[in-house]
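Following this line, the structures themselves.
In the two complexes below, subunit A is the common chain; its partner is subunit B in one and subunit C in the other.
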Partner chain A sequence: MFRRRSRRAIRIVPLLMAALLLASCAVPGTGEDRPVTLTYWSWTSGSQELADRFNATHDHIRVTFEKVPAGTAGGYSKMFNAVKAGKAPDVVAVEYPQLPGFVTQQVLQPLDPYGVTDLGDQYPDWAWRQVALGGQVYGLPMNIGPTVMFYRTDLFAEYGLTPPTTWEEFRTTAETVAAEHPGVTLTNFGTNDAALLAGLAWQAGARWFDSGSGHWQVDATDEAGARFAGYWESLVDDGLVTARPTFAEQHVTQLQQGTSLTVLAAPWTAANIQRFAPDLAGRWGAAPLPAWPEGPASGNYGGSSLAVPRGADHPEEAMEFIRWVSTSPDAVEAVAQVNTSYPANTTLTDHWGTAIEAANPYVAGMDLPAAAGAAARTVNPAWEWGPDMTEGFARLVDEATAWIGRPEGIRTALARWQDATVDQLRQRGFTVPE
Partner chain B sequence: MTTPRTTGNRWTGRATATTLVAIAALYTLMPLIWLLFGVTKTLPELYASNGFSPSAGFHVLGNIADLFRQDDGIFARWILNTAVYALGGAAAATLLSVAAGYAFDKFDFRGKGKWYALVIAGVLVPNTAIVVPLYLLMSNFQLTDTMWSVLIPVMVNPFGVYLARAYSSGAIPGELLEAARLDGAGELRTFFQVGLRLMAPGALTIFLIQFIGIWNNFFLPLVMITDNDLFTLGQGLFTWNSAVGQNPDYTRMVVVGSAVATLPLLALFIPLQRRWRAGMAEGSLK
Partner chain C sequence: MATAAPPARPRAATRTRRPRAVLWLLGPFFALFALTYIAPMGYALVLSLYREKFTGIGWDGPTRVFAGAENYVRALTDPTFLTGTGRVLLYGLIYVPLVITLAAALALLLDSALTAARRFFHTVLFLPHIVPGLIAAIVWVYLYTPGLSPIIDGLEGLGAEVDFLGGNTVLLSLVNIAVWQSLGFNVVLIYVALRAVPASTVEAARLDGAGELRTAVLVKLPQIRAAMFVVTLFTIIGSLQLFTEPQIVQSAGNSSVTSTWTPNMLAYAAAFNSNDYHYAATVSVLIAALAGVLSFTVTKLAHRRSAP
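This part shows the complex of A and B:
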């Protein structure tokens, strides 16, 4: 970026003067070991800690973290603009749903030339497929969000409940809770969280996008999608769960007062629950999401990768940083101090379990590492994201907020979203078969 | 016969006006009151309690301390940056506007009408529309992500030129300038020592308008600046607010930060309010 150059330029002036003064003495090579400075754009929690830890342990590269607005709130368009204007940073955080869009818009460099292909077997197959697009790897997975269920262990014990392992049991449990404890519901079905909606559909075996034919196929209303949507519609209609925006005032009040007993989420959510309900330490447990009849499965809800934009000044050094973030126990340790996101790299998960329980008493005792590990291993590998999920999510939030809670609301929201998505992709010149 | 009716009309008219003003005042003040209550609260309270009830404890000092500690204390830096943008930009814009307005009013030069039409056209173009072209322009000069990329565009305010011209025509008698010239003052000296002084109240109005505009300017810095150390308050708070999904505690920081960010404006406005009103009225009458 210019500012860095200008500072350097300013620094050069006194250097030149010193050089003139010392011309006769000729001190050789003092400036040669100056470290390469990388700019790292992200908004995810723990980014500053990663940069600090990396800088403390590396001499030849300095990482400057710059906080950008969250991706869908403007961070991604900022990255696009910067690359187009030739002002690309060296490292950017990109969430998995946006990677295909970044690739089709040619914002990112393929990382294959930097020897990342040999890292593939360190990540769950499905996670690697999220970053390996069209035969090239475009980012290294940093963290992932395999879906889990947080539940109030104390209230479950008090009410004589066990964590449901199937969705059928989940419904029975919800009926018991509603019948025996008026005002209490088993969970809240978030109406404003498109990524969670996708994660739950993903777990149910849905597959919203399919590029296998060489064209984008969009299908949010297939059998698996309809089953998942119909299930939740009946729970909402029968008053067995509430349908409210996730982590908005009413939902937070429910959690604090113990009138909503579970949160369907991902490991990173634990840190949010902790901040909204700090008094409930020691009263939460984590379990895998209840299963559909086919057996245990998970979806993914959140997480991001680190990538190198086209036009980055120092791609080699950027890769060194990214590789460190994605493969080093040190990096996991640094992030565990501030959040509870689950590392994508399977060789680091044991280390993460120890680190997170040591760093965060709220999480210790939840059994989160076991639940997250089990979930991460069973994420459905077939899922793909479409080529413009920033707009896709925004539209899905609009539809979900408008429709969920009404009869057949989820199905209507998904159908409307699908139609609009197909239209939009066609307008942008993609071929979308019926 | 007519008297009672007039009184009655006046009464209903006054009641209507009072009610409307009361509604407007309530509408304007509610968010501020919410904000003041919010400053006293912890994060869980912000979400779970009534917005217009105080906190169970008193967390103002702790919240403010946390605000200035968050992200290595960058909030203080944002205040400073915003002050630099707003003071520097408003001062430069005021001087340029007053000089241009004075020139348009007191001098005759070729194409005056067309130049003035250009200025008025500038008033009509929305600021937002020119931000992206400005970004590309700044990018050509290698100025994006520097303070100049925000300062240079806000140094010009066509509306200020318009106000200054109106003010100049009312506040500076042409005879006075003639007298100054006859006494041997050059044009620059006449402007700075006679024109500028007489236009001071009008200049203050332009300064305040521009100051508030820059203080609240959001889109321009959002596009131009990525370096967190150069952020404005609005941009910084927006960036924090966008990250609440990552860390909900930013909600508290945004609430407390927004409250703190209004203080400098209050500090500037309350003492200057009387003069400003006078300046506005004078400018509009002439």
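This part shows the complex of A and C:
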């Protein structure tokens, strides 16, 4: 793979040089009246709608949306290489786990010179902390994924169940379901979804990375981590939940047939459920995730920020687009039909609730705005991500797939992942104290 | 050759022109070869001698430092790399003899009795090769996934429970995909070589009373040694490059294939997950070296055997 890539890269060099020469010969613009064209790379649904709506309401900037592969499926690598090659797009979508990696790899430029800091108080503290790294702000949060639980309202009513509000109740409910309805389980514990594992650990009060000491520290096995892991191990061991890849064929079949009653996820997942089980419109409800004994808390699962790569030529205009996406009700409306992500900007939440319920009949009646709002207010603020999370997530999926379902499986997976991560970070050139 | 008479035509004129002709004929090839093959290899080699270092948390970005053999030490002590290499070697050990034996057997069959159905089998055997590896892997992943696979359902009906994607079985499942994919192609290669075997030798064997089997094994096979050698060499190198099939199986989830299961997958993960091109280059160079050593060994062995 590698060799083939670089061979292609070498063939491209003369072409690039020719293109640069041509570009430098080009006639300079005729002044202020020609709009600046921005390239916007993302893969999330609604990106085209965003660009269209922005273009319809702005004269001096034209945004061209280019769909790239999902970040961890090649999109991030594409962005990284584009920046290295000096062909950076103007705006990119970056999920929170990848921001520290992108900053340490010098992929993004700080947005401080373009007035981003004035916007800080419109975002939850924890979300702002995800984009403010090393004293500068590298992205503007677009949407967030406070953890919620989707449940089948019709089947809950039919089986005489109420949505559990604590993890203890969740277990009792799972026992009832397993005892009274053979073949049905309360939920599926995703074995291939590192971000969800992290979100659940986050909700339990874990903190996997800590940069506070001036060096990276990794801890996936603290008390909170052990509690969350032990809880799910017992549910899996006792056969109270299934443990399968999320939204893989088997899981989708379970959802469609109503043999898996809940999905632990984030608001954006509603669109996925809609896609995989379109016939089940009107049969889902949303509630905050069950709580640990300390009281309601949430983690974050997904969501992304918009950022400006290094080498992008129009950071000022890029910032204007980003600001519009992240702060304007218009942008919320533009994507409401196709994307159910919760907006990061706190001034937009009410607007968002009305907009998605009006635009998307599948979501209307779920009570999603209330559940998501409650979850968003209780996200544990201390969480940090490490500097190599694409690799970190891949390895976590490896460990989870290998260990979940075995005795002490989740704890073993997390312990092994922690060791591998420390090792990987050191090999990668970071200092990780003992 | 040694006994052939020396050519009678004058050689003085051609001798002066020959170097220039050679340059014209071979030059373009070597230029392209150097540009598209040697240069990237050299670049990979150079990359593998450097690494990145961060200070503190690393917000200020990496500095590139000369690493000497550090990356190679890292790879050669990296359990992921070592088990991955062991895995592809084991895979090759099962896959190469299997596919070569099957291909030779089928080619010999095609070449002998079944003349009538030859064209039909030709096509049937070659068909899987037309299916791109990616698609083949996806199709097979379906056949291997419990709950989707009619094969698993059928086996369950017979009371047998098989986990095609778990534990060590997955290696055999991958061998199966590879055999399915490449058998026909190898059969065609060997069969073409068999067509070039002089009919007279086969006829002579037959007159001497050799049956089909003896003719095939003792007369035809020794004459296509060169083709068999090439087929074996390609297959060995191919098996070291194992990537597409395990990558698909891995991304489908529910298998014991990890994201760094083979050295090529490790290099891919280093380059495209971690942006660590230095380590990716190191792993690539090591795999290239291993392929070189194996090819050399196979060549040596083949030559020693074919020597009188």
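Criterion: the second predicted complex is superposed on the first by the 402 of 434 C-alpha atoms of A that agree within 3 Å, B and C clash if a C-alpha of one lies under 4 Å from a C-alpha of the other, contacts with A are read in each partner's own complex, and residues count from 1 in each chain.
The working rule: a residue touches a chain if its C-beta (ideal position, glycine included) is under 8 Å from a C-beta of that chain, and two chains touch if they have at least 3 such contacts.
Note that this is a predicted model, so its numbers are computed, not measured.
J.: For the three-chain model obtained by superposing on subunit A, do subunit B and subunit C clash or fit?
T.: In the arrangement built by aligning on subunit A, the partners subunit C and subunit B clash.
J.: Let me test your reading of the model: by the given contact rule, A:68 touches which partner, first (subunit B), second (subunit C), both or neither?
T.: first
J.: I'd like to know which partner A:253 touches here: subunit B for first, subunit C for second, both or neither.
T.: After superposing on A, A:253 lies in contact with both subunit B and subunit C.
J.: Which holds for A:86: it touches subunit B only (first), subunit C only (second), both, or neither?
T.: In the superposed model, A:86 contacts subunit B only, not subunit C.
J.: Output check: A:297 vs subunit B and subunit C. Expected answer is one of first, second, both, neither. What do you get?
T.: In the superposition, A:297 touches no partner, neither subunit B nor subunit C.
J.: Touching A:276 in the superposition: subunit B (first), subunit C (second), both, neither?
T.: In the superposition, A:276 touches subunit B alone.
J.: Go through the superposed model and pick first if A:48 touches only subunit B, second if only subunit C, both, or neither.
T.: Touch status of A:48: first partner only.
J.: By the touch definition at the top of the document, which applies to A:394: first (subunit B), second (subunit C), both, or neither?
T.: Only subunit C is touched by A:394; subunit B is not.
J.: Which of these subunit C stretches, 3-11, 21-29 or 255-263, gets into subunit B when the structures are overlaid?
T.: 21-29
J.: Touching subunit B in one complex and subunit C in the other: list those residues of subunit A.
T.: In subunit A, positions 1-3, 5-6, 74, 248-249, 253 sit in both the subunit B and subunit C interfaces.
J.: Over in the complex, which subunit C residues touch subunit A? Could you list them?
T.: Touch residues, subunit C against subunit A: 35-37, 39-41, 43-44, 51-62, 74, 145-148, 243, 252-256, 258-260, 264, 267-277, 279-281, 284, 288.
J.: Report the residues of subunit B in contact with subunit A in the complex, numbered from low to high.
T.: These residues of subunit B touch subunit A: 43-44, 47-48, 71-72, 135-136, 139, 142-146, 222-223, 226-228, 230, 238-239, 242-243, 245-249.
J.: In the complex formed with subunit C, which residues of subunit A make contact?
T.: 1-3, 5-7, 10-11, 72, 74, 77, 80, 101, 103-106, 133-135, 191-192, 211, 214-216, 244-245, 248-250, 253, 387-388, 390-391, 394-395, 397-398, 401-402, 424, 427-431
J.: Taking the touch rule as given, give the residues of subunit A at its contact with subunit B in the complex, in rising order.
T.: Those residues of subunit A that touch subunit B are 1-3, 5-6, 41, 43-45, 48, 66-70, 73-75, 78, 81-82, 85-87, 89, 247-249, 252-253, 256, 271-272, 275-279, 338-339.
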